[in-house]
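Consider the two complexes below, in which chain A is the common component and chain B and chain C are the respective partners.
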Partner chain A sequence: MSQGFRESVSERVSSAISDHGEGAFGRWLLLAPALIVLLALLYLPTLFILRESVLTDAGTSLAYYGQIVADAYYQSVAVRTVKVALVVTVIDFALGFPLAYAAVRGGRLLGGVIVIATLAPLSVDLVIRTYGWYILLGRGGLVTNVLVVLGVGSQSHQPQLLFNTTGIIIGLVQVLLPFMVFPIMTILHTIPREYEEAARNLGANRFGVFLRILLPLSLPGIAAGMLLVFTNSIAAYVTPAILGGSTQTLATKITGIFTTSNDWGLGSALAMLLVVVAVLVIVGYQRAMENAGGSVGGTGGEH
Partner chain B sequence: MSTEKRGHVEYDGVAKHYGDVTAVEGASFEVESGEFVALLGPSGAGKTTLLRILAGFEETSEGSLMLDGHDIEGVPTHKRNTGMVFQSYALFPHMTVAENIEFGLKRNGFPGDELEERVETVLEMVDLDGYADRKPTNLSGGQQQRVATARAVAIEPKVLLMDEPLGALDKRLRDRLQVQLTDLQSDLDITTIYVTHNQTEALTMADRIVVMSEGNIEQIGTPTEIYDEPVTRFVAEFIGDANFFEGELAADGGTFHTEGGVDVDVEYDRTPAGRPALFVRPERMDLADAGAGATGPKRNAVTGTVSNVLFVGSTTRYYVDTPDGDVMVDRQNERATPEFAEGDEVAVTWSVANSRVVTDDPEDAP
Partner chain C sequence: MAADNPGGGSSLPVSKAFGWLFRLLVYGAIVFTVAPLIAVVLLSFRPNPYGKAVISAGWPSFVWYGKLPDLISNLGFASSLISSLEVAIATTVISTVIGGLAAYAVVQKDFRYSSALETALVSPLVYPWLLMAIAILMALNYVSDVTGLRFSMSIWTLLAGHVLFTFPYPIRTIGAGLQNYNEELDEAARNLGATRLDTVRNVTLPLLRPGILSGAAFVFILSFNQYIISLFLSGTSIQTVPLLMFNLIKAQSPPQIAVLGTLLMAGMVVLTVIVEYVAGMSRYI
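And now, the complex of A and B:
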């Protein structure tokens, strides 16, 4: 019975797709499952948060937003969040581009090692990985001890790498590095090695080759990587919560407001701020890509 | 810019190994200033490796490489002042034609206010004036090739390096560009090393040809030397069509006894290191009636039966079945009807001067 029902449904769907696949209806049909999931799990909750953020005792108003804007503390948290995200993005680019380049150009063995080394940490749960950093960066941890040996700080005044923005940045840089490496690797694969050789032959040194050939040609991949790292970074919760201590970012602050002070209105307003920043960055990225003439746009387009 | 002679290249025992694989084995030759040298050979012969070593893309494993009297081993790629033209052209897709050319000019000390004029000049040289603002993707293959050439010569390199530059083009375009390139090369008087697997290209364009096979240099010589006086069987076979007779060379070097039992007069004044074979080009042979016998200058002869007649146009090719196997004979078509037909008993004749002994060892060069 149910077998026959399933078959008839699947038949109808596939015939609908083959009939309409080329048209607008067919496209929407193919998108429908994903859209339904996003609608139910992302857009509706977001709308709910939006409603919470503007519903006050005095009716609909922007009072919570006003409260945030007027409060220097929230401003400092917002600024810190964006600053951390920017620094993480820049560091991940500085680390990720050479890694991606070495993986693509450095031969099969090196490439494989880099890909595995970049991917492997993703198989370890985020919380566990972050506690790993907690141990490494804490007082008497490996990193602090090495730094002391190298002459940074002393045994009694160890460098403070935990419970501050430094800790958050170190953690996020590591967690988000793959999101920078893989889009750049993908695009570097499309750039023939001969472009670099031609540029060197025409008198460009390695930096010149990077600046004038590799950078412009890999811009779509770099932008995609930066977008992924930045958006993930401003929204990150686990890493700042564990490594930041009392140093708050928007995500940890929002959680705190919801769970401890139970102020849903204020928390929702802060959450909406985060959404607005992310949407602005994504829209900016897509504009830039359209202007550059590239038809990229896919990556991160549906946040 | 300067009038002094430049662009003298000297490979001295240059070898290149990749792990256990040997790409080039002890290559030694010189390229004179302003000379056009073709590196000719089948793929895997090591020609491109020699070019890439000079450009600085690869390091030598052994030997030394001199450019204008200086060992360039330690000189980084971007300071070698060589102009490379890639088979794929490697034009920068995000830059216009002008920007591609300026890229090299800016990095080779051309003053900013002369860039535009220089770009125009080199584009005129390759008949592409007016194309400065196009993107490479909007150009045809032949136009891209010419832009790549213009970009390379624009910086006035000491040596122009061309790696199968016409390899991706169809035959008609290739023929036309061969003429253009040789004209440009002699106008600019620029030392040129040209890698190709196309023997016609090498014969028509180059002053001298370096024939390579499996990492070794087989022979170095002018196109006519390479064609008429090949040292090795490989060279004879690779360049043009060839008839080979197996057999023994007499100790005095005056007679070659073929396996088919024919004694052929030859003139060979050395003791060969490799295994000798007799080699004659098809167009250097003639046909006569079998009974006529061979006398006079064309006194070498083998007899056989015409097995196939191919009308080629300006020539006719005869395949003659002889005791020494099939022999190809090319005859000019001076008359409308062929004098010989399939099944005719004929004598294949040729002169002593066209009887060459080749071996399988490049060391047997005179």
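And now, the complex of A and C:
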């Protein structure tokens, strides 16, 4: 293509954007690619999961859902998945709030260290990060050996930290911690330091300042962080697949059904359980972000 | 440091205990988040191929790094790396363009529906990746049923999945840049005789560059590291790096995995540091 042609095309595109970008039509035109991607690859396809889940040999029925509800095995997997997600959410809050607070109030050096320590792992392949835990938590691994030295179990009966829910929880707590820290950090930045000083001057101790000042004011950020951690924990695949061994969660079970069998109807019905949770979380998350005064976007996921 | 002493001069036991608990949690959490990464790096220098000790006799040794060329050619690592780079680069271009255009529309102040629209546009950030993968799979399944054509997984299905989960990130970063954008600068350039193209190329784009670069970097890193969407949508002919690494975990000795992991980590850290230096990526988290 000639230089002149390219320039005239660019000129037309940029003038079209500046002429029409302000008008309603132009805006929808700019949004069109994103909306088409959303509609064609997310919203409609999610309806096809629903379709597959109610399509049985006997026509449209809820047979797959009935099968799941009646089966004690699926019940135990679902209960385990929710339990793991709740425990991970609570631990991540217990670790994430102090981290976010120290990052915001703790001076440049500590703040920088915390931001790097929470940010850096996000850029590393999840498989590799989880492999680190696989090494540390396994038999003869560093964590198990330290626990034995501390008197937990013995050399011949090492504590079992891998291939069970404990392993899944440890891995997920680390993988999802940034999604608790960042929303809380964002909202702590908006709370003036003077509030804490005033409370202390009036006689409140550290715990009182946390309970009466910081906690209520940062609730929207905490809610957003908890929702992100909870939903990502429920739908996480890589970490439970590597650290859980034969201990299944909903996500590993669903993936197993889709990749090794043709029972897509059953898999879709199980997936719909996660869809319901995800939709509730999206609505709640948006509410929380609006209360927090958040603008475009939010913090992303990690599964 | 203020954080170490939030209680000021208070010497109540509750306050003191709370301060210690706070410190324990903060430093414990920092160690906890970096522990698995450090374990992988240390392990890559272990000569003994067996067992789960991070360090053993003869550490540090570069023996596995010496065997890297064999490792890469024998395990199919090179072709996986090429597939991953192709997918990540294509995804970066597509998602950054789609996201950038949408960002331009969303930041207009008087735009109606903007709240509902925002919820829709950021929904892929919160929607689980596993469900996106299954949804696209079921949509293809439906289209196959209806049309009678057979669709098999290919680079196109893989790209569709990767674009879907990444395009909101540039909306966020470029949107942030646009919100702070001073349109008088454009007008000034135009008044001084610049054409529209000149203005876009020499004024608008350079000013928006940090947001564009940061968004592109987020997309590239997320796409390169994606596992579950690639598992469902890549088919049998394409094996990206995370898929390969997952399969190698049980087949290869720990230090071999660790060497590959350390190199991948180093690559991502270098990329992150460069983008952070050029564009201040961490501002957009």
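Operating definition for what follows: the second predicted complex is superposed on the first by the 247 of 303 C-alpha atoms of A that agree within 3 Å, B and C clash if a C-alpha of one lies under 4 Å from a C-alpha of the other, contacts with A are read in each partner's own complex, and residues count from 1 in each chain.
As a working rule, contacts are C-beta pairs under 8 Å (C-beta built on N, C-alpha and C of every residue); 3 or more make two chains touch, one makes a residue touch a chain.
From a predicted model like this one, the values you see are computed outputs, not experimental measurements.
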Partner chain in contact with A:V79 - chain B first, chain C second, else both or neither: neither
Partner chain(s) touched by A:V152 [first = chain B, second = chain C, both, neither]: neither
Partner chain(s) touched by A:N205 [first = chain B, second = chain C, both, neither]: both
Contacts of A:L62 with chain B and chain C, given as first, second, both or neither: neither
More chain A residues in contact - chain B or chain C: C
Which of chain B and chain C A:E194 touches, first, second, both or neither: first
Which of chain B and chain C A:L215 touches, first, second, both or neither: neither
Partner chain(s) touched by A:L280 [first = chain B, second = chain C, both, neither]: neither
Partner chain(s) touched by A:A94 [first = chain B, second = chain C, both, neither]: second
Common interface positions of chain A, toward chain B and toward chain C: 200, 205
Complex contacts: residues of chain A adjacent to chain C: 7, 10-11, 14-15, 17-18, 21-22, 24, 26-28, 30-31, 33-35, 37-38, 40-42, 44-46, 48-49, 51-52, 94-96, 98-99, 101-102, 105-107, 110, 113-115, 117-136, 138-142, 173-174, 177, 182, 196, 200, 205-207, 209-210, 227-228, 231-232, 234-235, 237-238, 241-242, 251, 254-255, 258-259, 264, 267-268, 271, 274-275, 278, 281-283, 285-286, 290, 295-301, 303
Chain A partner contacts - residues on chain B that touch it in the complex: 55-57, 76-84, 86, 88, 90-94, 103-104, 107-108, 151-152, 155
Residue numbers on chain A that touch chain B, as the complex places them: 192, 194-195, 197-205, 208, 212-213, 216-217
Partner chain A, residues of chain C touching it in the complex: 1-4, 6-8, 10, 12, 14-15, 18-19, 22, 25-26, 28-30, 32-40, 43, 51-54, 97-99, 101-108, 111-112, 115, 117-132, 134-139, 141-142, 160-161, 163-164, 167-169, 171-172, 175-176, 179, 195-197, 199-200, 218, 221-222, 224-225, 227-228, 231-232, 241-242, 245-246, 249, 254, 257-258, 261, 264-265, 268-269, 271-272, 282, 285
